[in-house]
Structures are given as structure tokens and as C-alpha cells.
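By written order: A, B, C, D and E. Residues from 1 in each chain.
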Amino acid sequence: MSTSPPIVLNVNGIEVIYNHVILVLKGVSLNVPEGQIAAILGGNGAGKTTTLRAISNLLKGERGEVTKGSIELRGERIENLSPADLVQRGVVQVMEGRHCFAHLTIEENLMTGSYTRTDKAEVARNLEKVYTYFPRLKTRRTSQAAYTSGGEQQMCAIGRALMANPSVVLLDEPSMGLAPQIVEEVFEIVKDLNTKEKVTFLIAEQNTNMALRYADYGYIMESGRIVMDGAADDLRNNEDVKEFYLGVGGGERKSFKDVKSYKRRKRWLA
Amino acid sequence: MSTKKIGDVILDVQNISLRFGGVKALTDISFNVKEHEIRAIIGPNGAGKSSMLNCINGVYQPQEGAITFRGRTFKGMNSRQVAEMGIGRTFQNLALFKGMSVIDNIMTGRNLRMKSHILLQALRIGPAQKEEEQHREFVEHIIDFLEIQAYRKTPVGTLPYGLQKRVDLGRALAMEPKVLLLDEPMAGMNVEEKQDMCRFILDVNDEFGTTIVLIEHDMGVVMDISDRVVVLDYGKKIGDGTPDEVRNNEEVISAYLGTSH
Amino acid sequence: MGFFLETLIGGLMAGMLYSLVALGFVLIFKASGVFNFAQGAMVLFAALAMARFSEWIPQWLGLESKLLANLIAFAIATACMFALAWLIERLVLRYLVNQEGATLLMATLGISYFLDGLGQSLFGSNVYQIDIGMPKDPLFLFESMFEGGVLINQEDIVAAIIAACLVALLSLFFQKTSTGRALRAVADDHQAAQSIGIPLNRIWVIVWCVAGITALVAGIIWGSKLGVQFSLTTVALRALPVVILGGLTSVPGAIIGGLIIGVGEKLSEIYIGPLVGGGIEIWFAYVLALVFLLFRPQGLFGEKIIDRV
Amino acid sequence: MFYRENGQFKTSYRADQQIFPIAQDRWAILALLALAFVAVPMLASDYLMRAILIPFLIFSLAAVGVNILVGYCGQISLGSGAFMAVGAYGAYNFFVRVPGMPLIPALILGGVCAMLFGILFGLPSLRVRGLYLAVATLAAQFFADWMFLRIKWFTLDTPSGSVAVSNLQVFGLHLESAVSKYLFCLSILAIIALLAKNLVRSAIGREWMAIRDMDVAAAVIGIRPMYAKLSAFAVSSFIIGVAGALWAFVYLGAWEPSAFSVDYSFRLLFMVIIGGLGSIMGSMFGAAFITVLPIALNQLLPFVAGLFGMTVSTTAVAHAEFMIFGGLIVWFLIVEPHGLARLWSIGKQKLRLWPFPH
Amino acid sequence: QEQYLPVLSYRTGPYAPNGTPTANGIVDYYKLVNERGGINGVKILVEECETGYDTARSVECYERLKGKNGGAALIHPWSTGATFALTEKAPVDKIPLITTGYGRSESADGMVFKWNFPLLGTYWVAADVIVQAIGKKEGGLDKLKGKKIALVYHDSPFGKEPIPLLQERAKMHGFDLQLLPVTAPGVEQKATWLQVRQSRPDYVLLWGWGVMNSTALKEAQATGYPRDKMYGVWWAGAEPDVRDVGQGAKGYNAVTLQHGTDRNAPIVKEILDKLHAKGKGTGPKEEVGETLYLRGVVSAAMGVEGIRAAQERFGKGKVMTGEQVRWGLENLNLTQAKLDALGFKGVLRGPISTSCTDHVGSGAARIHTWDGSKWAFSTDWFDADSQIIKPMVKSTAAKYGAEKKLEARPAADCSS
């Protein structure tokens, strides 16, 4: 941490409102330095996905808008760019919940990922790379995406993003629905790309354990605000994080079976 | 460890094979589920776990094999029959009714039990009104149980992923099923939430005596809460037994668990 | 027998003409998932532009040559359709990314109202002529074989050839360009397409331009047949069964569907019609399409409707 | 600030299940009903009632019907014009063929005819879906057009095929004056809208919505697609049929099949989408938009032009009307793709927060 | 005080090409009357309402305009469909309906249809004249025996109107009547014309409106059916119907509603002089005097003369109510001299005189033929056979009256 690398992504106090009425992000700021892996952690509905959507400008389709604050990519304001422009600038988002093109085959799905790349050889190389990362995809390459299993679709979505040769990847819950060893592999891939190709990652993840193991820096979100941030190692050793996000409060990992009570807040007909 | 009483076989899957064109999703799978137990199905991506549930559920019709549920044997059923017999389920890729509120989503789970005539429903008098209230009460319990009170009237489409999963579970619970099939109920949750979810599942299992079939990739969860585990790989069964047995099965380790676990 | 043959040929020809309009629907649907109910209005608009400019240009420029006037008019009409495509994207589609099919469909209905009004106020609401020198008189074949010969409409033949060329061209466009794949991706999921850098805006302009040209070609052919007037828009209603029978996403489907519908409705009108009082062809076409759909819900060549949990 | 449910505690599920759980809404709706039933007949001119309000009420009714099928059950239909026609001709035949048939039963029987017809043409929905179904339902439209033109029996063998009714009475009262017609239509709308609302918030309504949103999952929790879809077709076409009968009997008086052309099918679909899919209230907003707007434009445009010292020809007005109408549709969809009803509820939500921005 | 005369017109939509010139004619005639100093000094106040040839919109326009500016004194619905709907409403509102050459044929019976005035001719008149013309061409009505006549018609009340009369005539003369409906608006007629080609009728009657007409002619050309064997109703015999078929329609005949195209008629000259020359005209100058334009003029004139007749009785220089105009229309007596004085020399044939029982006033028409560039009269006048039509009118109207439980108009009503 001697010479801090330049900041690639700088999110500055953004507010996001859905449908003109639902205020979801209440002043979120974060920045991601070049060549780092940053993680956004937080429970369901904290606003992780929304943050990523705000960065990649995919909010419009959900009828959301950034009403305050600024987002900069390498010093350039990007709020008014189209998602396609962002991909041109190397920012790609892997959307939560897969979103594969149902009627296209796996291979066609991957190929659409290289829409912005013109070099045929490069595309072929990328395709090979994705297939080596995810051999399972290769065996299912001719199936329509809709008829592949959940995990296969997740791999397809990640692979598709990699086809664009991105320099910044926004990953939304990459581990969801993947078998444990694949999760591990995905994070290995992330690490690999990060170290070898200097790709910057911003990952929204529920699997805190995994995320903090691979990330350099972490942000913890709760109901639309960043409530804590710090280097991944620091966070990992923080008692609260341990208890609530890693499930190892008080030293030993508790068996899921022995978690006896959950917080019951009684409310009656809101 | 547990003090609960595991009963007889309630669901018996015999030699199921399922093909889609050239793809063999399931090959000659047999296993059983006993009353009151938590039965996990694990395996790598694309192993055929969801397909297995779909067969039990009547969404897919297996080409071969039969399923025995509470003594009755079926070779292919339709979903309605399955639901009527008391098998409920949740979905891996959220299959909620996006445009409906949380309450309405869960209320649909009660539909099988609502019998009043359409004309009475239109007039909303007598039994129709009473029924509506009774079931609403039941649903409120579930909502309470799942801690989603605050979202009662929100359209589920706008809920964050994790909450949608809970609603999905709620809808299945509302059916008061004998057997509950859960397809990755904990995907997209953090540890705290998973703990809650485990609690829900164990409580359902305890309190209502519901038998549970569970697909899950989080080995911590699976090994902790399930009574027995089936392992599938490429559509074949490669392991079946208690968590400990499975954990030490060579084939399972190489195909799925990997050495790191 | 001769008459049966004649009916058959007549049906095929009519079917080709429907295909021409159906193509427009298919293109836009295939490429953006929008069921474009403005197709009829676009056909009228294009035809009006063509007819009026070919009438005005000789006046403005003092041109003598009919051919030249037609060519210039064609160029201007094409430009109009391109401008239209651009405007539609700019003012409408861009704001409706990721909306449901029904919403998009409704927007195209709005566009169609707008175009009807605009077309008529710019170009007038009379009957206008497009004269590209289509032969109008009948041709009789096999006169030695059948009494009275088998009648063939020369105009229809020309139209059929043009339609066939157009289809060939479009199939190439979809199969051989990488845009083709991107188009299908857009149709599946706007948001995901955006997220991997497919520029929706550009794609939509391209597709609507192509659809605009198809509309222009359809407009010229139908217009020179019927005269350019408001009723051209109703031609779209006759093309709809073709679209669903062939499959919403299939270019060749539009042709095959057209042929089946064309033949089916003509045969039914002539052989069943008289028994029940006639005038059955339009609903027969729809019922025919419906019967096919019962066996293949996605149409003959449409992409399978995906339904999975 | 003022528009809040704060402090309004529900002590029973019944209270919470009311159509308008918020007291202010209940008052508003009561006021609206009073306005519609008492003030409007006293204040509105004959023209306003005959030419605008009655069509608006009848189309609201039809739109409620269409919304059940399209908005709640998700089966896009372009056959609504046909269901209206069947309702109209069905009611007509009962009305003139059965001696002494009173009006209301005739209307209901007309609705029943439409219902049967609707079920028949709803059968393909068990296999065909989405836009394919939408286009296929046009078969019903064109078939009905043809049927009433060609099968003389339906039109009592009148050579022109145009039929007429007169001397309408309800409980011995003549349905002649604009006020009586208005009140008659209003009452029918109010009753049917209430019944429809009850249906959509009951078990059957949830079945429809479930089928609309995710039919496989619906099947898995025990909903029979066939029953849900066909019942939606039945209820919807019944209501549309009654509306069609009203349109013919009360508004037109004499009609021919073209009074129920495809145009009406489109227009009805318009109404429910502009108004808001899956909203009974929205159907009425949509009906107001589609029936009133063109007429209003037609009358307003010359006036507006007059303000600027221009005289516009009817042609220009008609064209401008098309363009503005189309433009407004697009504009509304952009502002709120979920229709006027959603706009309305967002407005209410804002009001709830007011005076705070969020 | 002005006499308020609303105009229901359609200048947009599928029927605009035909509706526009008609409306121009009406409006111009009203303007002309005002130029001339009004009806005994009473100026006409005109207001147009766009119906799009849609019945429901027509009803809305009617409702909108009927009470405005002191009340509409008469209405031209300009559509048979709308006429059917308004027939039920007019008696209540006491507004006479003028349906020159369209509407319901049985409404010629003023004893039942008190408020309908199908002046100058009904569709039964048109059909009858066509049959007579064909008979004449063949060399006598008896020559029609065994012949085959096809009726290609707009599938609507309008298109079906002539059928009863043709059936009657077919029975009388022993010709075969083939019915070929065309679904509105009629852009696709291939099957129809294949059927024509198959059954080879000796004559084809064309009962179309709007795009259907030109399409029929084009299909006839494409299937080689001789155009000179085709006879159209007067709504299928104007310039928009044939203009873009051009030479392809050469030889095609249509019955006229008395007038045809006449650019040199005094009335046309006057309109050009007093209006178009001064920039006050409606629509393009070139179309003044064309068939549909003239139809509008003639129809408007009928209404104006009705008002004039009413003024004779109820007070010259006063604004007339609908009821009064009804009386006027029922007591028209336009002799040839009067018509000529109005500028209709060579356009209309007198006398046009109506009565309580006869709301048509005349029953004569000619045939004109398209020569490739213009319409020209090709026959002399035919008088429709009242022996045939009268009883049909009587019985059909009676049936209507019975259905509606109408009370018969007392004889006194006629003289009041």
C-alpha cells in the first residue's frame, strides 16, 4: 500500500430512486483502485445490485434513476453514457439471476459477449479461454441456454462477460447456484484475471467468506448505506463481521443445526 | 443427535430415467425419502438435481421408472395431482408470480383448499368471505414466520432476490405439504440469512412434521441439517447415505466435494 | 381442373403479396421482440411518400423521364423511412427498454395512429397512383390444355419475384452478419443485451430501417395494385395470420405461411364459400392459422416457446 | 401529511381485506359515487351524457371485462369486438323473439351467449400463447363479423342485416331520456365492477394472476390452467357481452356488424393497457382516455386554433387528432408503462409522503 | 339569426377519397346560398363533424350537433349504416334525415318513416334502373331470361340493400342472380373475381364504396372480365373509383343519381365564379363539377329547398325548426323551371315533388360510362318501375312499423 494505484471507479454519494418514489440508495460512496478486487457485502435488499446497476447504467430499464451524486470511470463522468458505451470502455456487468439469452445456444450466448470485439482471432482465443475455464460449457455448447441447468447458466453469464475482454468487471453474486468447487474456480478465475490481466473487479457477494478471501477491499452495505469498509483482512478479523457475515462469532463455526433462535420482530399488519 | 422420529418411507423413487433428446438428465435413479426426514440431494452443476425434483413434481415425465408416494405408485402424474397429494416445492430460478403482492403469492398456495363457488366469490358473501379470512390468517402466520411482514403488500417483482426466495418458500409452505421439495433455497443469502433459513426449515420439519427434500450447494448447510444425502453426478447416483458416509465416499469427493472440503 | 389450377396459382400469388407485409412484422419481432402493429401504417406512409414524390418531382424539376422520377421518389421515400426509423428509436423505443411485450405493442399502436395522421396531413387523403410500369393485363397459359386457359396475373408474378428476392436478401442479412445474432439476443433480453455492450439504440435503428424498406417495397407493390390510399393499412390485417402461421421469428416462415394462407383462403372462398354465403376468406385464413397453431404453438418455423422452471 | 393510513389500525383481516383499506380513499370513492349518481345527472347536458358519458360507461364496462382476461389472466385477446357483438345480437334475439322478455334478463342472456362464444374461442389458449394467441383471437372477430352478416337468422331475416330495438323499459320505466340511460348504464357498471373487483381479489382472481405470471409454477401449486383460463374467458366475455348489448341497445339503438368491428377490439385493448393491466379502476381510466380524448381533441383543437386566429379545416383537425392521440399514447407509456392506474397509485404514494420528498 | 345546418363528413380514413369531394360539394353549396343572400335572407351556419364513416362516431356527431346553435334543422348522415342508427333517434329529436340516394329503401314510405327522406332515389331505384338498362342493351327485358347477373357487393347494409329488388326482378325475368359479397373495405378481391371468371356471368353489378370500387375494376382487368359488362351503383361511379385505373376501366358503366359529371352546368359555373375565383371555395378547383362533388351540391340543395318550402308556409325569412323543415321536405315541388332557375339545368330533372306517402320525389336516372378519362352519359333517362318498387316499399315499411309498434300516421298529420 505504498504507492496507491489510480482509482478506476469512483462512486460519490449517489442516491437512487426507483419508480420516482422508492429511495433505495442513500448516499453511497465507494472507489475501486485499478487492478484491485473490491467486494460489496450485505444482506438481502441492502442495495448491492442497485449500486452495480447504477454504475453500469442499467437502472433505466428498471425505472430507477440516480438522483444525486456522481459516478466516475477513470476520472470521466459516466452517468449519461449508455451501457454499450461503458462496455466499449471496458466495463462489463454480470447480472444477477443469469439473464442468458434463452433462445440462443450456449456458444451463441458467449459469442454475443464479444459483440464489441472486432478481431476474429481474439474472439476465438477468448472463446477457448472461457471453455477452459468452464469445461462444462463446452459439453453443453449446442444446447439452448434455457434448457441448461441453473449453474450452467451462471457459468454462461460469467463467460459471456469475459468474452468482451473487459478491464473492469462488475460481478453480481457470481457464486449463486454454483457447486462449491465451481465457486472456488470462479474466484480463482477472478484472481487469475486480476493478477495476469490486471482486470479490476467489483463484486457483490453473499458468500462473504469467499469474497473476503479473494478481495483486497470490502464494503459492507445495509439498507442503502455503506456501514463499514476496510481492507479485506481487517474486515475478516472484525468481530461483528465474524459474527454476522462469516457465521463464526465467538471463535468456532456454529453448526447450522444449532442456531437455535432467530430474531423475531413481531409486527402486526403494517 | 436429533430426537425426532423418522418414520417409514413416504416417497420412493424407482429407476427413474429422463432424457431430453440426446441429453441424459437422469439415468436409472432410485432412492427413497422417509417420513419426517430431511433428505438432501447434492451434486455438481447439471447433475440432474432439479430435473429429479421436476420428475417427482410432475413437471417432467420421466421416460422410465416410477414413483411411489404414500403407497400409491405413479408413472407420470400431472402437477395438479401431485399438489393435491401434498407435495409442495420451491424453485431454483424463482418462479414467483411477479405481478402479485407477497400476500397474494402466498395465498395462492392455499388455493387448493379454497372451495367456494365462483359466484359466491363474486358476491363475497357467506362462505367465500369466511374462507378468505381463515386462509388469510394462516398466511399471516407464515409471513410472520418468515419475517416478511414489512413487504406484505409489495409486488414481489421488486423485492430483492433473497426475499423473493423466502416468499417462494412461504408459498410452498402455505400448501401445508406432506413433502416439501426445496431447490437451492439458500442461494444468494449470506450466512446470517442462511442461518435463519435453516432455522425455518428445521422448524417446519419439527413443528409441522413436514418431510423435506433439499437441494443445496452449501455443504455446511447440507451436512449440518440433513439426515441423509443422495449424490448425483451426470445424471447418475454416485452416493447415498448419512452426511458422514457421503463425506467420506471417494467417488463423491472426486466428483463434487473436492479435496478442499 | 384448369380452374382449380388457376385458383391455386392465384392463391399463391396473393400469398406472396401477404408475405411481403408479413416480412416487416417478422423482422422487427425477430430483432427486438416488438410486435409492430404500426407495420400497416408504415406501408401506407411509405407508399404515400413514394406516390406523392413521384408526382411532385416532375413538377419541381421539370423531369420528363418517368423512370428517373420514380427512382428519385424511391430514394426520397427510403430516406423518409430511415428518418422515421431514427425518430421512432429516438422518441419512443429508447424510453421503453426492458418493458413487456404488451407495452411495446401498445406503443407501436400509438405510432401507427401518429403515422396515419402524419401521412395523411403531409401527403393528403385522396387516392394516389404509383406507376412503376407494372403490366396489368392477364396472361393465359396452357390454352391448349384447358378451355379458356389458365389465367395468370402478370403483375402478381413481378410482385412475387420481388418478394422472393427480398426474402433471400434478408435471410442472408440474418445469417451471415454478426448483427444477426445480436438482434436475436436483443429480442430475448434487452437488459442482458445492453449489459454486454450491444448498443440497443443502433440495433433498433437498423432494424426499423430494414423494416421501413420492406414496408416501402410492400407499399409500392400493393399501392400500384390498389392505388395508394388509407385502406392500404388494412392489408396488415390480412398479413397477420401469415405471420403467426409461419412463426413470428422466421423469415422463410413468412413466405411459406403466406403461400399456405393465400392458397387456403382462396380455395376456401371458392369451394366452400358459395355453400355458406361467401365472404369467408378472411376468417378462414385466421382459423387455418389457428389450426396449425394447435399443432405447433410457435408457428411452422418459429422458435420454440420456452417454458421452464 | 394528510393522506396517510397512520393511526388507522386494522383489527381484523376483514378490515384489511377491504377494497379501499384507507379511510380517505373510502370517502373519496363515496363522494365520487355521489357525484356520479346525483350531481352529474343534475348538471350534465344532454349531449354530455348521450355522446360522452354513456359511451364512456359502456366502454368502461367492456374494458373491465377485457382487463380480466388480458390484465389479470394474461391472455391477450383481440376478439373483444366479437364478444361485444355476440352479446348484442344474443340479447337482441332473446329480446325480440321471446315475447315479453324484459330488458335486464335479455342483457344477461346476451352476456351468457358471449360467455359461451368466449369459452369456445378461449379453448385454443390452452395451447397457444402470447402474441400468437392475440392474433389467433382475431379469428373470433372476423368470424363474428361474418356470422352476423351472413346468417340471416340472427338478424331476423331483415334484408339489410341491420337490426334495431326500441321501447326499452326497466321495471316499467322508459329508457328514453339521456338521464335514465345514463343512470341505467352507471348502475350496471357499478354493480359489475364491484363483482369483478371481488372476483379478482378472491381465490379465482389469484388463480388468473398466477397463470398470467408463471403458469408452470401455478400448475405446481395445484392450479388447473384449463379451469383458470377458461373461467377468465367466461367471466370476461360475459362482461364484454353485456357491454356489447348495452352499446347496441342503449347507445346505438340500431346496428349492424360493423358496429363491432376489429377497431373496437383494438380500442378495448388500448384501454386496458393505457389504463393499467390488472386494475379494475385502470380500465375506467383507460376507457375515459380512449373514448373522451378524441372527442375532446376534436372539439378543442378548432377552439385552440381560434385563439391564435387560425381557422382549421375539419380535415386538419381530424389528422391532428390522430397524431395527438397517437402521440399521447406513446407519451403515457413512456411516463408509466404500467398505465394510468399505476400513475395514480404512484401519485398516491407521493401524497402519502408529502410534504417530504421521499 | 342563422339557420344551423351541421354536416357529417369523412375526410379521413378508408373512405376519405370519396367522402372529401362530397363534403366539399355540400359546404360549397351552402356558401353559395349565403352568397346569394341566404334562404329568403336567412343565412346558413355550417359546421362539419368528422365521422370517418363510422357509425358510432356518426351518432356522436349527431348528438353533439343536434342541439347546437338553436338546433339542427336537418341532417345528412352520409352513410347507410349511420342512417339505420339515426332512423331510431330522429323521431325523438324531431330532426329530418335527408339520404339522397342511400339509406333504407323502404323509407320512401313517409307514412311509416316520417323523418326519413331518401330524396331523388333509393337503392331499389338504382337497381331497377340498372336492370332496365341492361335489358335495353340486350334488346328487351325478356331477353334477360337465362342470363346470369352477378352482384359484387360491399358486405354491409349498404351493399345488401339492392338484393330484394334484384331477386324480385330475377323472378320476373328469369335471370340468375349470383351474390358475391366482398368484406369491407374490399382490398382483397381475388377470390371474388376468380369466381366471376369461373361462372362467367353476363353482367356484373358493382355495389361498392371506397377502395372496393377501384380494386374491383383492377381485378376485372386482371381477370379479363369485360368492363363494359359491368354496372355500378351511383356510389361506384365517380372519379376516385376509376381515375387510377384509367384506361383499364374504359367502358365501365354506372347508374347516376340524375346528375353525372358536369363542369359546365350553370350551378358549377356559379360556384366557381362566386366562390373559387374569390378564394372562398372548398377543396381543389379541379374537382368542382365532378360526380361526387356534384352529389354533395345536389343533396345540399334538396335540404335548402326543403327549408325554403317550409318558410313558404311557416314564415319567410325565419329560421325553421326541424319539424317545420320536415314539412317542407314532405311538400317539395321542384318543377324543371324551378330547378333550372337554381342552376341545375341539365343536372337535375324535374319535377321533384314529394308527399306524405312519397319521400323520394323522383325515380329517374341515367347511365354514364367511363371512356378512359371522363364520365359521359351513355343512355337516356330510365324511370324506375314503381309497379315493382311501390308494393315492396309498402310491405317492408309495414313490417318495420309492426315490429316497432308504430302507430299509423293519421291522415290529418299529412295536411297539418
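The definition used in the following text is that a residue touches a chain if its C-beta (ideal position, glycine included) is under 8 Å from a C-beta of that chain, and two chains touch if they have at least 3 such contacts.
Going by UniProt, the chains are A, B = ABC transporter ATP-binding protein; C, D = Branched-chain amino acid ABC transporter permease.
Given the structure is predicted, the values throughout are model-derived calculations rather than measurements.
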Of the chains present, which has its C-alpha mean closest to the combined C-alpha mean?
D
Farthest chain (mean CA position) relative to chain D:
A
Expressed in whole Å, how far the mean CA point of chain A lies from that of chain E is 74
Mean-CA-position distance for chain D and chain A (Å)
46
At what distance in angstrom does the C-alpha mean of chain B lie from that of chain A?
28
Could you please state the distance in Å, as a whole number, between where the Cα atoms of chain C are centred and where those of chain D are centred?
32
Would you give the residues of chain B that are in contact with at least 2 other chains, written as numbers and ranges?
59, 91-93, 95
Could you say which residues in chain D touch two or more other chains, in rising order?
16, 145-146, 149-150, 214, 216-217, 220, 315, 318-319, 321-322, 337
When you check chain A against every other chain, which residues touch at least two of them?
147, 269
Any idea which chain C residues touch chain A in the complex?
97-98, 178, 181-182, 184-185, 187-202, 303-304, 306, 308
Going by the contact rule set out above, which residues of chain B touch chain A in the complex?
1, 20, 23, 43-47, 49-50, 92-94, 144, 147, 149-150, 152-153, 158-163, 184, 187-196, 198-199, 202, 217-221, 224-225, 256-258, 260-261
Complex interface listing, chain D residues touching chain A:
9-10, 16, 337, 346, 349-350, 353, 358
Which residues of chain C touch chain E in their complex?
3, 6-7, 10-11, 13-14, 120, 125-129, 136-138, 140, 151, 153, 155, 225-227, 229-232, 234-235, 238, 265-266, 269-270, 273-274, 277-279, 281-282
Would you tell me which residues of chain C are touching chain D in their complex?
29, 35, 91-92, 95-96, 99-103, 105-107, 109-118, 120-121, 125, 237, 240-241, 243-244, 248, 276-280, 282-283, 286-287, 289-290, 293-294, 297-299, 305, 307-309
